[in-house]
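First subunit A sits with subunit B, and in the next complex the same chain sits with subunit C.
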Partner chain A sequence: MELLQGMWTSMAFDNLYWGNLVMWAIALTFVYLAIKKGFEPLLLLPIAFGILLVNLPSEIMTPGEGLLWRFYHYGEEWAIIPPLIFLGIGAMTDFGPVIANPKTLLLGAGAQGGVYVTFFGALALGFNIDQAAVIGIIGGADGPTTIFLASKLAPEMMGICAVAAYSYMALVPVIQPPVMKLLTTEAQRKIRMKSLRKVSKLEKIFFPIITVIVITLVVPDAAALMGMFCFGNLMRESGVVDRLSLTAQNELMNIVTIFLGISVGATMPAEVFLTTKVIGVFILGSVAFCCATACGIGLAHLMNLFLKEKINPLIGAAGVSAVPMAARVAHKVGSEADKKNYLLMHAMGPNVAGVIGTAVAAGMFLSVLK
Partner chain B sequence: MSLALTTFISGISGVFLVMTFLLIMIKLSSKLAIALEKKQEKQES
Partner chain C sequence: MANIESPMSGKVWKILVKVGDAIVEDDEVIILEALKMENPIFAPEDGVIKEINVKEGQQVTEGDVLVVLE
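Showing the complex of A and B:
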């Protein structure tokens, strides 16, 4: 009998409580969504497993000892992984559409309006100003930027905000179209845009160099993200370091995604996640996406008042990052109004500009609040 | 002015300032790149 008692006490069952079981259910739901529904599986699956691990009674997140704590501490708290993800994104991104039509940069800026609307919404719901900034940046639809900002301003919000950001990114095709249709007329959705000019290799090489100089001079706090982003893009466009470029796009990106996902999931033990604030974050996250979409479209309408060659306001909605999903949605909604209207490449301009815009918005938050 | 308002005004103006500055610089760099390429083409021919 004593032997059995000894065995029982050495096991971890006594350390479980109902909250852990709820978190298991949430983790398994995420596993289901990733595997069965294909919702951002590359990130949702590692995040889900991180949630499961941290809600098992173990020392895996014990500061200074636990394995996942080390991933989290050196990867995210030290803000190393998000810039490495940006290196890979830079190496994967073709800035041709932005260079061919630089006006679309403004649409990438316009969509950041949603970030600030949500920022005030979060303040109104009782979040402190640092937490409100991190919740607001969800509207930028950029997971690594959300994690980067959370690591600097509100680490306790990192897991929740990362899951909200990635969940809503997967839901872009569901969230955006109703807002887009509400804010545009059929005639506006039918506006056809001129084909983009061909962009030379030298222009593409100049772009990352100019971008990193301009952004770092104006917003030094965005240097880590934008520096890596532009370096990745320069590797791609230079054409002389294909091995490095491909490594950044594939192997490195995959490796850091594993560490990012599992350690972000590990920031969600039941006692942190099961609070009423989480519901607030998810509501505000959807508000952020809707407002960012609306602000992008609104700015496109405003620009059309001054432009000779009108732009299709739908491409303004692609100013939220979520590359290339938001651009595809803009194209799809446009082609529903006019089957021969090809908006995809036009929408890629504001889409990649949105990545820059969100990183700059995060840098601006840091410069004021840190 | 409250910190929230300062954050908002500096943030939104910062984003637009960066993008406008970037827009101008990209237009200028494109002109420079095209001019350099034309010059090179002439030299080669």
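Showing the complex of A and C:
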């Protein structure tokens, strides 16, 4: 009898409260979305499992002891994993469309307007300035950058902001088209763009080198992300270290994604997640995202006032850094207006520029707030 | 006689026509895969397929002639 009692107390039912059960339900919903709906499964599945683990009564997130705490501490708090992901993204990214049409760099920067609009919105809603910056950066639709900035400014917001950023990345095809159609006319969506010129290997090699020098001089706090990003890209374009480049794109990327996903999930125990703030983050995140889309399109309209060869304003919406989802959406909305209009490669310009833009925006927040 | 050129770089995913097929404007001729997206290429005008210059799975870049019409 005593033995049974001992077993009962050593079991952990006592430490559960209703909030944990709600989190189990959320975790299982994420598992469902990942498996059945294919919503960013590479991230959502590990995040969901992390949420489940941290909401079981265990020591798994106890500082200094727990396994997931160690993943979290060395990976995210030390801000190692997001730059490693940027290394992989750099190695995957073809800057050809940007080099062929450098004007698209402006569009990638323009969409970051949404980041700042949301920043002020979050401040107005009573988030503190560090939290507001992290919420704003969701508008860039860049998961690793959001996690990077959160780790430096507002670690308590990391989990929820990461989930918001990745959710909105998955929802790009749902959120963007209505905004895009609202802000463009049918005739503008039909604008066909002249074919991109061929870009030489030399240009592609110089691009990451020049980019890292310029950006680090102007925004030193973006160095961690941009340094890795440009290094990854140089490995790709150099053509002599395919093994390293492929490792950065595939194996290394997959490894850090496992650690990142499960430990980001583990930052969401019920007592942190189930607050009214979370709702605010999700609403502001979608506002951020719509504003970023609108800013990109607005800037494209503005540029068209001065350009002789008009750009299709839809590609401005691709300035958010969800690569290549946003470019695909621009292409799709364009081809609905004119099925022989192929905007995909043109939209990749602002899209990859948007990755740089969001990292720079994060660097600017860091230099002002840290 | 007209050429159907590739409007973007990508991989030839499916060829939907054979030499000798008669096609009309806006028929789907080839599907290109780029960035994991299937992009149908449409016939620019009516005609008969004279030559197909690419194979399924082949990488093409913008401006490559995919199909010759007559």
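Methods note: the second predicted complex is superposed on the first by the 370 of 370 C-alpha atoms of A that agree within 3 Å, B and C clash if a C-alpha of one lies under 4 Å from a C-alpha of the other, contacts with A are read in each partner's own complex, and residues count from 1 in each chain.
Convention: contacts are C-beta pairs under 8 Å (C-beta built on N, C-alpha and C of every residue); 3 or more make two chains touch, one makes a residue touch a chain.
All values reported here derive from a predicted model rather than from experimental measurement.
Visitor: Could you tell me if A:Pro102 is touching subunit B, subunit C, both of them or neither one (first, second, both, neither)?
Guide: A:Pro102 contacts subunit B only, not subunit C.
Visitor: Should A:Leu125 be classified as contacting the first partner (subunit B), the second (subunit C), both, or neither?
Guide: neither
Visitor: Let me test your reading of the model: by the given contact rule, A:Leu16 touches which partner, first (subunit B), second (subunit C), both or neither?
Guide: Neither partner.
Visitor: Based on the superposed arrangement, let me know which partner A:Ala133 touches: subunit B (first), subunit C (second), both, or neither?
Guide: Only subunit B; A:Ala133 stays clear of subunit C.
Visitor: Of the two partners subunit B and subunit C, indicate the one touching more residues belonging to subunit A.
Guide: Partner with more touched residues of subunit A: B.
Visitor: Considering only the touch criterion stated at the top, classify A:Leu244 as touching first (subunit B), second (subunit C), both, or neither.
Guide: In the superposition, A:Leu244 touches no partner, neither subunit B nor subunit C.
Visitor: Please indicate which partner A:Ala79 is in contact with in the superposed arrangement: first for subunit B, second for subunit C, both, or neither.
Guide: Once the two structures are laid over each other on A, A:Ala79 reaches no partner at all.
Visitor: Could you pull out which residues of subunit A sit against subunit B in one structure and against subunit C in the other?
Guide: none
Visitor: Would you pull the subunit A residues touching subunit B in the complex into a rising list?
Guide: Interface residues on subunit A, with respect to subunit B: 98-99, 102-103, 105-106, 108-109, 112-113, 115-116, 119-120, 123, 129, 132-133, 199-200, 202-203, 205-207, 210-211, 214-215, 218-219, 353, 356-357, 360-361, 363-365, 367-369.
Visitor: For the complex, which residues does subunit A have touching subunit C?
Guide: Residue positions touching the partner: 195-196, 198, 324, 327-328, 331, 339-340, 342, 344-345, 348.
Visitor: Would you mind writing out the residues of subunit C in touch with subunit A in their complex?
Guide: 7-9, 26, 34-37, 39-40, 42, 44, 61-63
Visitor: For subunit B, which residues count as touching subunit A in their complex?
Guide: Checking each residue of subunit B against subunit A gives 3-4, 6-8, 10-12, 14-23, 25-27, 29-30, 32-34, 36-37.
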